[in-house]
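Please go over the structures that come below.
Next come two complexes built around chain A: one with chain B, the other with chain C.
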Partner chain A sequence: MKRKVIAALLCTSMAITLMAGCGSNKKTGADNASDTTKTETAGDEGNADADAETETGTTEKKASGEMLTKFADVPEDVDKEQTLRYAQGADPRGLDPAMIDDGESSKPICQMYEGLLKYGDSDTEVEPCLAESWEISEDGLTYTFKLREGVKFHDGTDFNAEAVKYNVDRQTVNKTEDMLYADFVYGDVAECNVVDEYTVEFKLTKKSTPFLNNLAMSLGAPMVSPTACDAANGNLNEAPCGTGPYKFVRWDKNEAVVMERNEDYWGDKGVAKEIIFSTIPDNSARVVALTNGEVDIIDGIDATVVDQITSAGCLLYQAEGMNINYMAYNTQKVTDPDVRKALSEAVNIPELVDSLYKGYASQATSILPTFMPGYSADVKQTAYNPDDAKKILEEKGITELKMMAYTNPRPYNTATGQTLAEALQGYFDKVGVKVSIDSYDWTTYKEKLGAGDYDMCLYGWIGDNGDPDNFMYLLAHEDPEMNVALYRNEEYNTMLSEAASMENGDDRNAAYAKMEQKIADENIWLPISHQQNLSGYVSNVQNFIAHPTGNVFLSKTYKN
Partner chain B sequence: MFKYIIKRLLQLIPVLFGVSLIVFFLMRVCAPDPAPIVLGQHATRESMEEWREANGLNEPVVTQYVDFIKGAVTGDLGTSYYTKAPVTKEIASRFPATVELAIIAIILAAIFGIIIGVVSSVKKNSIFDNGGMLLSLVGVSVPIFWLGIMLIILFSGILHWLPSSGRIDPSLRPDTVTGFMIIDSIIQGDTVALKDAVVHMVLPAVTLSLYSMAIIARMTRSSMLETLNQDYIRTARAKGISEGKVTRKHALRNAMLPVTTVIGLQLGSLLGGAVLTESVYAWPGIGNYTVQCIMKSDFPVVQGVVLLIAVIFVLMNLIVDVIYAFLDPRIKFEKKEV
Partner chain C sequence: MRKKQQVQTTGEALEKPESQIRVMWDTLKKNKAAVAGLVVILFFLFLAVMGDWLAPYDPEYSDMGHTFVAPCRDYYFGTDQLGRDIFSRVLSGTKISLFVGVAAVAYSLLIGTVLGSVAGYFGGKVDSFIMRCMDIMLSIPSILLAITLMAALGKGLDKAIIAIGTVSIPEYARIVRSSILSVKENDYVAAAKVVGNSDRRIIFHHILPNVVSSIVVRATLGISTAILDTAALGFLGMGVQPPMAEWGDMLGRARTYIFSAPYTLIFPGLAITLAVLAFNLFGDGLRDALDPKERV
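Coming up: the complex of A and B.
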């Protein structure tokens, strides 16, 4: 008997010990509500419209630090010997800009390499970088770039017109099958010629306004040192060498990429002496690493951990992402525009977005995110009207439809395709349409899409270069795995190719707004949301901007 | 003995052949097509087809397998689809992390497991016995990922005593000599790095060792109980040998045989990549890496890692058998063969 009591007591005490972690965690969660509110109140001072702004999709201020749109000047007395630590959810694929396609590679690459052009601090307007200026010929087919003089790659090689030609040729005439963005960035380039040591000329095969934006991308476009590239047999994945403000030190696989300040940098030198990009795959472990002071900035977080971050006194950076999360109608199967309209009327998008993404995604009122050129607030999407939807669908005799969805979370839909599909299924059910859902993991899903056996499917897009053509082209793509609505419309294709060759400006923006309205009127897509990029950082981090492209440029970021 | 070892090593060949066959065909049947993963968002049907062609995935599976085996025999396991780096290099750069963690974990598990097992058997049915066995029951039943996350939340998130992830603070990392953080920092006399490496090791090692410790403790206890009931123990006691000496010299040494087997096999499985522990603690070893590669359908890497794990298992078994002979002079391998 005595033994049993002792055993029972031991059992209980061990259970309590093991639960300690859980209990404390819950307590943190419960405490959060009040903490977050406090922070929000403090943060909202002088920014009373924050909540209203969320509705329209502009950046908001919630438990967050300053949402900078431009990097501030760095004070003289900042510690220049500091190390800045950034944690992300996966190891980079590689560190050669020509060989990668992932955000985890792109972020370290942005510190070590530069392209001819760069984006604005918090938008996708192009600015000079390694090219000081450029001219476009009248026919729009020749681009001449005047290069910055006195720039050297990290290995001491001079940056000049020959280096540019080497880089372009590498991804055009000498392209290999693993150069994932070569066609995207340089697909329109017929040839690249050296005019003089600091002037280079690109001949294009057709007029292409997105070309300038392409040259500012972190994938494909950054310039690599020709000497280093030859020495590494044409693959700089493990021996990166660019002109950027930070130089590569080492890459401990699955652990960290370490880089140090480039003391010979041509522009303003980096503030932190060392930057470390660590890999912490588990979401909650990454958050603990932040709150435990092991790292200064983390990204790739979702709404579930926001409270944990803010209650530990860390700050949140919320920026609208360059992406779109949408449902596409298979226009080859659901051919009647009235049916598509009725189905779109059945879904209450604001309610759906609020409940699924808890305020960390904004409702999509157009295909293009609000900060991109070509976005127009005047584009009218089909409004929520379940009564009308029910009536029309009844008249048309639509009772059963088939939807395809992916099971994974995606960068534009953190709630997973399956969850979104089930929510949509609920709305369609209310208007008398039974929707069956077939869901697959992402890779199988892409294969299944090719067969076209669906009435509706879920999809999304992550923008590459900040140009509207990058989003709108999806609806003209011939590949059924890209143009999942299987939309084939000559008029649209003509509008698209005309807009792609127009000069940037109001006329071009208006052309895209017109195309947006055409797609909305025909109900080809049901735009759902733009996922925000969420980052967490410790409160003494200053001058931090998470760029809408998903990149970070940390040379001016520092800790107090 | 030498003949025996050679014979066992030769047995590796059919084992590896079988394992390679299974993993090769399983990956091709079950894993999704790598082309869309490797080529990313802009993958078109055309580009995916080109890529499959370039990587030999359009060849008949048997041809692909023969090519793989030809390469593997010469030590070339191919290149990773995703990173384009040679598989052997990718594995070699991550293997020391796994070995270091596994060895520390098995040392912890063996020390505490044997102590708990011995105390439990000697003080049978006492509070120590019940407590020890309860702890080992918890050890085998608690899911590692859950325990890992709980320990992170408690010791890193709330108490801020220990780091939650990684092997060492990257800015303190010593130059790579052996690839083992602790040894490298000792070689270079860097006490700051040594301390940091040890501190980083605590949570993953404790998490990883718990299961093995529980198994070892249970095995030690039952083996000890059996031995303590033997006639020669009674004789030893009757001769007036002290209880401590009886336990240590007469009982424990004899009881260690099955325990050695368990320790060896546990070390084998820990070296094979402690997948969950490595993932939770962002430990840059092969377990963590393999998971990522399975997700990306990176066939060459998964094949390479599985072959490596098979080799480790066979070798660990062999080592355990050889150790038997040292522990128990009655075992002679040559005799068995006669």
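Coming up: the complex of A and C.
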């Protein structure tokens, strides 16, 4: 049985070659980088200062890329036969906008579907889309939309007022349990009426300031083809059909969603002939795929790989992210607010955020990110105080707790849930609380959350519409997969619905600040960080914008 | 010369069983690779016993202010993503890997030997039943079976031992059964039966001592497999409950940082390789020494 020895030796040598391989790989990456940078600079502006000697300098200069805020015009001579490949960290949960609630599903959906309204290229100001114009009645309870004419769904069905009514009814009167965003988007809609073929009217139950913003969301709000939906028994997860610039081709589960240009699109047609959203769960594998040129754009970038991306000559898109990364206490299990306070005191948030996200995420001082309306710098979170925490937890006899975490990276937590959970475990350990971690992959995790078998869990939220209601509603939601703290508080719910009906302005912002403080005082969540939106792309990718909602709209993006 | 030695060994073994160990040791000593393996094993055993005392830091203490420190004077192997000292963690992992390796082998050895002896000695329907069950287990890839068991049992060292031990039961059962089949035809077994010894006595006093050598060899090699399986389970995040330091688990967590902080990955990886290699070399040497027939 010398074979075993030989096998062991082979393994060792393989490991060594692997390491050597990485080294040489990197080198080629750098070489490529200088090449591309050179051609780009020369081609673009005719700048001659990018000779071989200054390659590092050039790469660094170009590393963060130019952050577009508006899509530029697409040149005439661009290759219209190209394939654009985008890699993300998890497979979509589904491709029916009414049935899903996660960013990975939302990104492919944005290419295939559209709503009545849409957001600006890099902000959350609403703009006309399938609705050309709208009117709001005096009392703010009736919205009348004039629809765009001549639009067809991918299956040939006409888009008209009936189609809108079908979509709204689907998520209001005909709502099913699995429509996770129905309440977010249409919760205040009393009825939806067809006025004429291209005019539709919404009647609301109460004044709702976020309503217009909600209609531009990528979840819930996009319009699906009524014919296709009926044909698929009311679930388009596997057979998406919208009006967007790209049409669904196929979905290889856990591999890729493939879509092709919609040649009958009503607006500017997509540039790339084909867009592929591939799933590469492993952070480092995704980066390698980018630096090897297997994919053109990736997201979910962890701070530790930024250098690897830039040194391979790829560019980084870096923008403030509209998200929150938090740990929630299960308020049905950890019922004592003092215990929650003590646990929150145990965690040194600034240190944690600095070391996990290396400056690519900012410490969360409130649930709302700083640039959003409703954010207030006056909200006071529980401060780091391990001694007090230790004392209280000892008094209360808390020694063991159970935490649930996800294993993969998330857009609001690029360091992976597992790493964050272990870091938190370290802090709790220092105040004498042993925390056991149950971690599952994202899809399983969401199912496990529903069972509520945890004392605390990790979660996060990516804002969908730029309205504070979108974040704060989470704590009033009845679905345990959304409101993972299982917070049930009548007073809070009243505050929330009052704030939702206020006009945008200082009063409304103050109302949200008050709610933030209430949540902070009761220690329902432990807000951790706001992650920057980091995307990496190959240097020849043009016209790429990562939207603050975490979505990407790729119909104008192309490669030189 | 080989032949002569063989004759000698068998001859002596019949007269004075204790000198068999001496012969074995003499043969083993000549095998340089096996001696090296033994030395490394003893070194790891030393680390397992003294690890906690030698470790400069608490292996589970995370210092978020000092994450990803490259190997230096303060941290010999650097620190990981949570600011834990990798040197201390590798040391502490030695204890876990060796313990799981030995315990899993002991567990499967015990059950495997009993099942194998019963099957081999009694034969017939009992034999068929036991061995078909073993065949079924063997038909499932061992790591897959271990993962399934872990998924059913949940995380934890004790469960890892059961999972890893269970998957190798059939191997021991087979070896013991085949050895017993060949031994039980011997005259002295027949003699023992005639004298009126009970089945249990015959199995334990007359048959098993004669199959010990092949079991020992298999067990030594089995430890290395068990260490690898432990690491594999840990790598897949199913082995130990964090923050416990286990080599495979460290490797799995550090995988993300392979380019930015390779030291988080290299040292636990090296430890696994070394331990497995050592047990393999020693096991092979032991086989040569114990079982001269197989050297041909």
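Convention: the second predicted complex is superposed on the first by the 310 of 560 C-alpha atoms of A that agree within 3 Å, B and C clash if a C-alpha of one lies under 4 Å from a C-alpha of the other, contacts with A are read in each partner's own complex, and residues count from 1 in each chain.
Here, a contact is a pair of C-beta atoms (placed from the backbone, for glycine too) under 8 Å apart; a residue touches a chain by one contact, two chains touch by 3 or more.
Predicted, not measured: the structure shown is a model, and the values here were computed from it.
Contact with chain B, but none with chain C, is seen for A:M99 once the two complexes are overlaid on the shared chain. In the superposition on chain A, A:I367 contacts neither chain B nor chain C.
Residue contacts after overlaying the shared chain place A:S355 against chain C, while chain B stays out of touching range. Of the two partner chains, chain B is the only one touched by A:I462; chain C is not.
Of the two partner chains, neither chain B nor chain C is touched by A:L496.
Look at A:D282: by the touch rule set out above, it reaches both chain B and chain C. More residues of chain A are touched by B (comparison of chain B with chain C).
Once chain A of one complex is fitted onto chain A of the other, the partner contacts of A:N235 are limited to chain B, with no touch recorded for chain C. Shared interface residues of chain A, touching chain B in one complex and chain C in the other, are 11, 22, 282, 284.
Residues 3, 6-7, 10-11, 14, 18, 20-22, 24-25, 28, 83, 90-91, 93-94, 99, 101-102, 177-178, 180-181, 183-184, 235, 237-238, 252-256, 258, 274, 276, 278-282, 284-286, 288-289, 291-294, 441, 443-444, 446-447, 450, 461-462, 464, 479-482 of chain A are the ones that touch chain B when the two sit in their complex. Across the complex, chain A meets chain C through its residues 1-2, 4-5, 8-9, 11-12, 15, 19, 22, 26, 282-284, 287, 302, 304-305, 307-308, 348, 351-352, 354-356, 407, 415-416, 418-419, 421-423, 425-427, 429, 436-439. Every residue of chain C that touches chain A in the complex is listed here, in rising order: 33, 60-62, 64-65, 67-68, 81-83, 155, 221, 224, 237, 241-243, 253, 255-262, 269, 273, 276-277, 280-281, 283-284, 287. Contact residues on chain B toward chain A in their complex (touch as defined above): 32-33, 36-37, 39-46, 50-51, 54, 82-85, 90, 93-94, 125, 127, 130-131, 134-135, 138, 142, 147, 149-154, 156-158, 160, 163-167, 169-171, 173, 279-282, 284-285, 288-289, 292, 297.
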